[in-house]
Structures are given as C-alpha cells and as structure tokens.
Amino acid sequence: MGYPHKSHPKETVVLSQYFGDADARTFKGWTKRGGYEALAQSLKLDPVAVTDVVKESGLRGRGGAGFPTGLKWSFMPKEKKRPHYLCVNADESEPGTFKDREIMRWTPHALLEGTAIAAHAIRAEVAYIYIRGEFTEPWTIMERALAEANAADVFGDITIHLHRGAGAYICGEETALMNSIEGKRGNPRIKPPFPAAAGLFGLPTTINNVETLAAVPHIIKRGAAWYKALSLSNPKSTGTKLFSVCGHVQRPGNYEVTMGFPLKDLLYDMCGGPPPGRTFKACIPGGSSVPILTREETDACLLDYEGVVASGSMLGSGGVIVFDDSADMVYQIMRLARFYAHESCAQCTQCREGTAWTTKIMERILAGQGKPTDLDLLLDLSENMTGKTICVLSDSCAAPIVSGIKKFRGEFEAYLAGKRQPVMVG
Amino acid sequence: MADGLINLTIDGAPVSVPPGTLVIEAAKQAGVLVPHYCYHPGLPVAGVCRMCLVEIEKAPKLQIACATTVTEGMVVKTQAPAAKDARQSVLEFLLINHPLDCPICDQAGECELQDFVFQEGQPGTRYGEFAKRFNPVEDFGPDVLYVPNRCILCTRCVRFMEDVAKEPVLNVSERGDRAFIGIHPEARLDHPWAGNVVDLCPVGSLLSKDFLHKARAWELDKTASICTGCSQGCNITLDTRDEVVVRVRPRPNLDINRYFICDHGRMHYRWMNRGDRIEAPLVKKDGGLHATDWDEAFARVLAILRGASGKAVALVSPGASSEALAATKRLLSGFSWTGAFQVVMGEEAPLSGVPNLALRAERAPNAKGAEQLGYTRDYAQALAAAKSAAVVLVLDEPDCAVETDGALIYAGTVLGEDAACRRAEVVLPIANVAEEEGTFTNLDGREQRYYQAKPAPGMAQPAAWVLGQLAQEMGLAEVQ
Amino acid sequence: MTVQEDYQPVFTGRVLEELQTVLQRYPNKQAALLPALWLAQREHGWISDRIMAEVAEVLGLTPAYVKGVVTFYTMYHQHPVGKNFVQVCTTSPCNICGAEEVLKALLAQSGAGDAGATSPDGKWTIVEVECLGACGFATPVLVNDDFVENVTPDKVADLVRKYR
C-alpha cells in the first residue's frame, strides 16, 4: 500500500505496509492481517524475556533521542513494589515530522498492540497514550480502535487510556508529557529523578514513542535477528524507520527505509527531487531541532543515527524538511526561532528570554535593520542557550541559528548589507 | 572527618556535609555563596533560573548547584570560566526585560538582582533598542502589589502558596517571554501568611503596600527580636529608621518559624511607635497625677510597700518580659501575693506546609513564661482579690479595670482612657518590647531573647530595671 | 476586554456523567483537568474565568491553578470565538509551501480580516498556529475538529463556502 503515494520499490515496508488500507484500521481487519498475535505470544512470556528480545533487536527510540528501547525498559525496578506506568508519546509536534500521525491514522491497532506488549514488559498495569490536541482524526480512529480491542479483551490485565493534549509542543518532552497527564502545565522536570524511578504520578514509568512501539509487535513476531539484520550501514542502527519528507519535493510524504539508507535516494528517487526547474539548497534531516545540512552534506548523508551525525546533524525524529533554491533561509530560520519562542514553557531563563530575543534579532535582520554585530550576537546567544537548561528546547532554537549562519552566511549578510529587499515581519 | 559525612571540595576548600546535601548548601559551608534566584531553602527545588550553574569535575556539562546532590570526592568549581560565563549570560537574559528603575524600587539595596550583578559583573546589555516587556501593576491582595515588569519568573511566590501555604492562589500564566505571575480575578492573595511572598521575592516584583516607598533598604537598622503577635515565638527582625519601627520581617529559625511569619505578626508593630507614651514617672498629688523624677517616684513606691502588709496582687501583661515578671514577683515577695494575667484570643491560622507553625489563638508572646513564674490565668479571681489587697501592682495593662481599697501602683507604657491606672498612687514609665532587651518563653517552653531596636521615650526604662531596682532597695532576694 | 457571557454551569447531568467516566481513568482528580477543560470548552465554546472557577470546584483545585494551566495550552480559547475556529499552520515546512498565502486568502474570503479576530457575522475566527504535525500535506488547516489537508489559496473559496 502506501499513503499518500504507493510504496516505492526501494522502501522496506514494515510499519507502513497498510498505510492507505482502511480495512486494516478495524480490529477484524487487523487480526486478519496477523494482528495481536505478537501480543498473545508476549503475554505468555516472562516480561524479562520480552525485554531481552527487544534489546537483542537493537531497536532504538524513534522519537528523536535514539535511546536503546530494551535497555530503557530494563531500567524499571526489578522488584515490583508499586504500580508501574507506560506513557506513549503521541504528541508528535516536531516541525517536519508526521509519521506517528500516519501510524495512528492507518494502523491504530499496531500502536495498541505495541503498547500492550511494552506494558507487559515493564509490568505496567496502566498505559496512557498522549495524543496531541490537534490530531483530531487520529484521536477518533484511536478511540474506535481501543474500544474494539477492549471489546475483544485482548489486553489481559493491562488498561490503556487515551489522553488528549491541548496545544503545547513541549509536551513531547517526556517529563513535560507526564506533568501534562497529571493536569499540570507542561513543564519539563529536572532530572534526576528519572522516569523509571519517579515518573508519572511519582511512580516508575517508561515512555516510548509511537513509532518505537509500533515496531515492537513485528520484532516479537519475526524475531530479533530479523530486525537486527535490517541495517545498511552501522550495526548500531537497526530496523526500518519512517521518514517524513516535506517542503520542496515533488512527492512529500512518509517513506519507510532500512536504517543506513542514502538520504539522496530518498529525496530524488522516492520523493521525485525538487519541483521542476529548481535545485535543492538545504535539508533539515531530523525535525526542526537539528542542524541544517547543505546540499553537498545532504547528498553524502546516510540515514541512521551515526550516519547523520557524521554528516553534521542528527537523525532526530526523521522529519526531513527540504528547501530548494527559492527558499529564503533567513526568513525560514526566523520562523523556526519564532516557533521555539512561542513554545518555550517559560521555566528556564535562557530559553524564555533567549528564544524571544533571538527571534527579535532575526526579525530585525529581515527588516533591513540588522547591525553588523548581529551574527556574532546570535551565535553568542546560541552558545548561551545550549546545554544549560532543563530540557533541550533552547538548544533546539540554537541549532538552526548556528548551522544556518555557518552554512548560509551569505544570505544573512545580504540582508545586513541592504542587498536584499527587506521583509517586514508581522 | 566525621563518620557518615560526604567529603567534597568547593573552590579548593574541603567540606564535609551530611548525605543528601545540595551543592548550593555545601558551598555555604565553604563560605561560597553561589548566586541563585529560584532556589530558597524553605521551598521545593525548582531549578529554573539556571543562575547557580557551576562546574563539577567529571560532569559533561555545567550543573545547577541547587538541584545537584553532593557525592564523595566531588570537586566543585564555582569560579570556573565556563560557570562564570554562564551566570553572566543568565544575568544578561534576566536584565533584558527588567526595568532599571532601581531609584524608585523598594527592593533596591536588598535586591538579589543588584547584588549578583555586582558580584558577577555583568556590565552591559546587548539588547539594544528593543522594547522591554510591559504589563501593568496588579493588586494581588490586602498587602501585596505585583509589578510584573520587574519579575524574573523565579516562581518562589507560586511555590510558597502551593507547597507551603497549600493554597495555590498564584500561578505562572502564559508561556515563553509572555509569562507572568497570575491570579484568578475572583481570588485574592489574602491567606494569613501571604505576606511571605514579598520577602521571598528576590527582586522588587512583589511589594508590601504597608512598606511602599516608606524607606530605602540601606537606611534601615536591623534588630533581632521575637514577634509579640502570638505565643508561637517567631523570630523576627525589626527594621527601624530614625528610631521608628517601619517593618517586621522573619528571621530564620528552623525550629520555630523556618523562614516565615504571618501577616498578623508582620503588621503587629505600629503600636511600638505610639506617640501617647508615658514619658515621666507620675505621682498622685492633690487628686491628680503629676510628673516627677525617678527618685520621688521610687520613694513613693517604697513608702507604700514598707507601710503595707498582708495581701498583694499583681495584674500583669503576658507581653511583659520574663525578667520584668520575675522582678514584679520579687518586689511583692514580702506579701502574701497572687499574680495573674489574661490573654486576648483570636483565630488560629496555621501555615499548613510547616509542622507546628501557626498564628496561635493566644495573642501573647510570654504567657508560658508568666505561668512558669507562678502567674495564673485566673484573672477574675485576682481582680476580686485586688479589692481587699493592701497593694496592687499593674504591669502594662493600661485598660485594667481593677478596683482596690489598697494602694495601686502602675508600671506601663501608656495610660488607658478613663482607666483605673489613672487613679494609681504612682505611675512608672516603662519601655516597650522594641526599646528593651528581654526574654519570652513560647508556647513550647522555648526561651528566646529579643534585643533593643530603638530608645525608649523620655524617662521610660525597661520594666525589669525599674521593678528590679525597687526590689533591691527593699532588700528582697532575687526569685529563683 | 470585557465579554458578555451567558454562563450556565457546565458540569450537570450528562456532562457531569461524562466527567465521572473520565475521572475513573486517573488516580487523582487533578489529572482529569485537561479532559475536563475539553468538555467545558465543547459545552461553553470557550474557557472563561467563571468556567475555570467551576472546573476548579469540581476537581478540588483553585481557580488560579486552573488558569495557570489553561493559559499554558494554546487550544483552550480564553475568549469567545467564531462558529468556525480555523487554525492555519505557518511554520517553516508549510511556510515554504505557501502557508502565508493560504492564511491571507482565508482572512480575506471569510471576512475575519485579521488573524485572531472574529468576523462581523460571528462565523469565523482564523488563527495562525505553529506546526500542526502534517507537514507533508501542506498547508494543513484545522476547521474546528475537521483536519483539512493540502489547502492552497485556490481551494480556500470552496472551503469557506462549505463551512459558512
């Protein structure tokens, strides 16, 4: 299948096999396709055995940090004295990323099944799936799927609840998400304590991304060795990954490839390259929080955790934003800075004040009012906003600024020198 | 090194602290004040201002001293270049929206923003011509104004109301640089302990209306004292300017009031500045009271005491010092004496988040001390006994409705209107709590010293001295 | 801004029952705050100060606490909005695909005029929002609970006609 485009022959279709197939959304349709077999299999296994399979598979968190999933599960207390929780991060809000949305829209039962398996592995009796408030359609689909699955009584002793967000990017940060479920402002928490020690409601908690959990049933069913073998470059990056491609490509959408797949092939072969008559200029490979790559860097980039780092950026969430030669990088970087200024939770000084200040300087440059010292000032502020706060939102604001000035300095200087028509920013 | 302690080094100085101690507290032991805003030892850790960033050896990045627990062998460098740079940058960020209106700000002189800018040296800003954030002043409650433009969002006030007062009436509203401290329009910051948010505010964002524009911080003299508002015995500082008490603030005492005082105690100071004080000894002459000197007053008292025998009654204030109460007892020890006091009662108002801390129903600081010295609460019986007593001594109860066929001696700060004390044979002017040194015993039996904050008016002297001198003249032994 | 508000308690009868069901999902009442606010907004149209006070009452919280939470999340309306509340994503990925033109077309054709303002007929409030999480379907537009993908300026007229 494939949505909105048919699957490309170069894709490795695992998670996205039924994208676009409405019948797979139903419980009946899902079980017909082998759904919930992995869960039944897992519930018969000891939680440690399930965790070991996932550990062995090499699966890493698909939300952005890339932390080994099985290892994360194993951090939960060995001896269970208090209730455990599982949180599912479906607050997909990273600009450029829209893969979890498609998983929930087309294969809601894949997520529910993965959730139940993970809950079993960490011995959680309750799992909350935190779905961002704007995802009205995925919410309805998930709600229906959950009702069907509950009616079929497939989850054993595990209870799954849906929790709707209400418009806050930062709730995708794991501890902010927990605060949000608790009915609080979505403020990230200082760590330690880490969630496995004191997470949701102060109890041991594991939090996983939608795509991570959707992969789990496949691993259980087809084995760790199968998953581990899905690796084109670095053996530390295994399995398939959904890449959301957006911006200036002919066929934007989600594409599932094996870890280590060349970014260039993704953009040209699958997405059809830039719109007619244009050429690529830049690419943000892992959601807006990671450094921008030039065309040359993009062409050489391999899509796995290590490969993208080697190219000078990060795999992040796999949200690939592509800019062609028509894009005004200064304007777009201002938009990203404004995004972070809008979303800053207001706790940490550097983030609260720094994201807003950065945005003002960017707007000043665009308006033709920039000062010769502005680029150095932006870089210095970015330095002061990196690695010093509770979460990485302010680091994320700094990333496109720093890489943007480094790689597209000429565009900034054109505004500063008055060689470019000023843009009044509303 | 003592057993069970964690040993670490802070700026080269070795310190040993109990396990679980935060780096910021351990640093205090090493004599190092790590600059901070959101951290306060009386509140849960927030870790948001990021001002206390320090370098810790082997840590991959700077750590906040307020949320990092000490470990054995830890090496903390507060003056490492990276840490200093980070703190300077926090100050720059805090100052971009902070109005430099120090000349009209009540906090100036005791402002942690001023202090740490001075300490860390943040000489300028690169914010340039951008407009600063503006929000109008808000009236939060009976004594608290909020000046949002000065707010640095440290959230101490929010955490105090939520976690200590347990009445979350303040919040952080909005996000990003639009954030401010909010309140619901139907709510008021009128909790009986709300005034603490003004003390907790590290800048001039939360202000006391009572203290508004009253004095500059550097003009104030500070004296350690004990609150007289109730029997809790909260430790306070009396702030005086030109010998007038202008403000009461809490003085930390972890066993009694931690870092807090209630609003009743905070406002319980105006009487200390009363202008209608008795400034000279008075003696009865021709049916009226006439000013005289101490010698004549003493002679009259001694003549009364030497010429009388039998019963004596003391009606005393539970706000008098233990020393004054002991001197009273000593002075009457030649008689068959009884002493009593009465306590004004009010509503009890606990501070929920702190065990055993409340504005107590008994609105007197030294009732326990009086009891321990043998004074009773049976005031009515003492009043009745006074009728037939040879001598009645009233200690600073200006409105005492005593009637006696014997001699009435009054030692007090003021004279009640149409009160019995105006019919005394002798009136002895005494100092009030702000004007003397003394001891109170709180409800749990803890004896606490308070000190003189300003001079007594005219010829007034501490009651303990006045009554002690008289007892001495009488040749009476000190009471045990 | 003073707003005329026809306030009726929200948590009565059927809505109160719904809230009771929601409460069963959580170990304490406070955790039901976001869902409770969603219910209140569905019933009342927006989250007024009085609604906040009512939500606080039913969940054992203070109105100030509730207000702090409401103002954190962008999807709770703190003012009345038009019959059609339209969120247009203008963050970078959509921005480079023409989202600002979509926004302009919507503002003009709906009669709302300015972002955040409500059209004189009370039918439209159009706001610019940050990332809606559908970047591959630029420009996504959320009309109340309907998620409309791939909106371009030339499709705006149909969209306005459909919801008018």
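Note that the chains are named A, B and C in the order they appear, and that numbering of residues resets to 1 at the start of each chain.
Simple rule for what comes next: contacts are C-beta pairs under 8 Å (C-beta built on N, C-alpha and C of every residue); 3 or more make two chains touch, one makes a residue touch a chain.
This structure is a prediction, so every number in the text was calculated from the model and none was measured.
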- Query: Which word fits how the chains touch one another: line, ring, star, complete or other?
  - Reply: complete
- Task: Would you kindly say which chain has the C-alpha centre located farthest from the C-alpha centre of chain A?
- Result: B
- Item | Rounded Å distance, chain A centre to chain B centre (Cα mean) | 54
- Query: Counting in whole Å, what is the centre-to-centre distance of chain A and chain C, each centre being its mean C-alpha position?
  - Reply: 24
- Averaged-CA centre spacing for the pair chain C and chain B, given as whole angstrom: 49
- Note on the structure: chain A residues touching 2+ other chains are 168, 185, 342-343, 345
- Item | Shared-contact residues (touching 2 or more other chains) in chain B | 172, 174-175
- Item | Touching two or more other chains - residues of chain C | 61, 68-69, 72
- Item | Residues of chain A touching chain B in the complex | 168, 185, 190, 341-350, 352-357, 360, 371, 373, 377, 384, 387-390
- Under the touch definition given earlier, write down the residues of chain B that touch chain C in their complex. 162, 167-175, 182-187
- Item | In the complex with chain A, residue positions of chain C that touch it | 25-28, 30-35, 37-38, 59, 61, 68-69, 72-76, 87, 90-93, 95-97, 129-138, 142, 145-147
- Task: Could you please specify the touching residues of chain C with respect to chain B in the complex?
- Result: 49, 52-53, 61-69, 71-72
- Of chain B, residues touching chain A in the complex: 45-51, 53, 61-62, 64, 67, 85-86, 89-90, 92-94, 96-97, 126-128, 130, 152-153, 172, 174-179
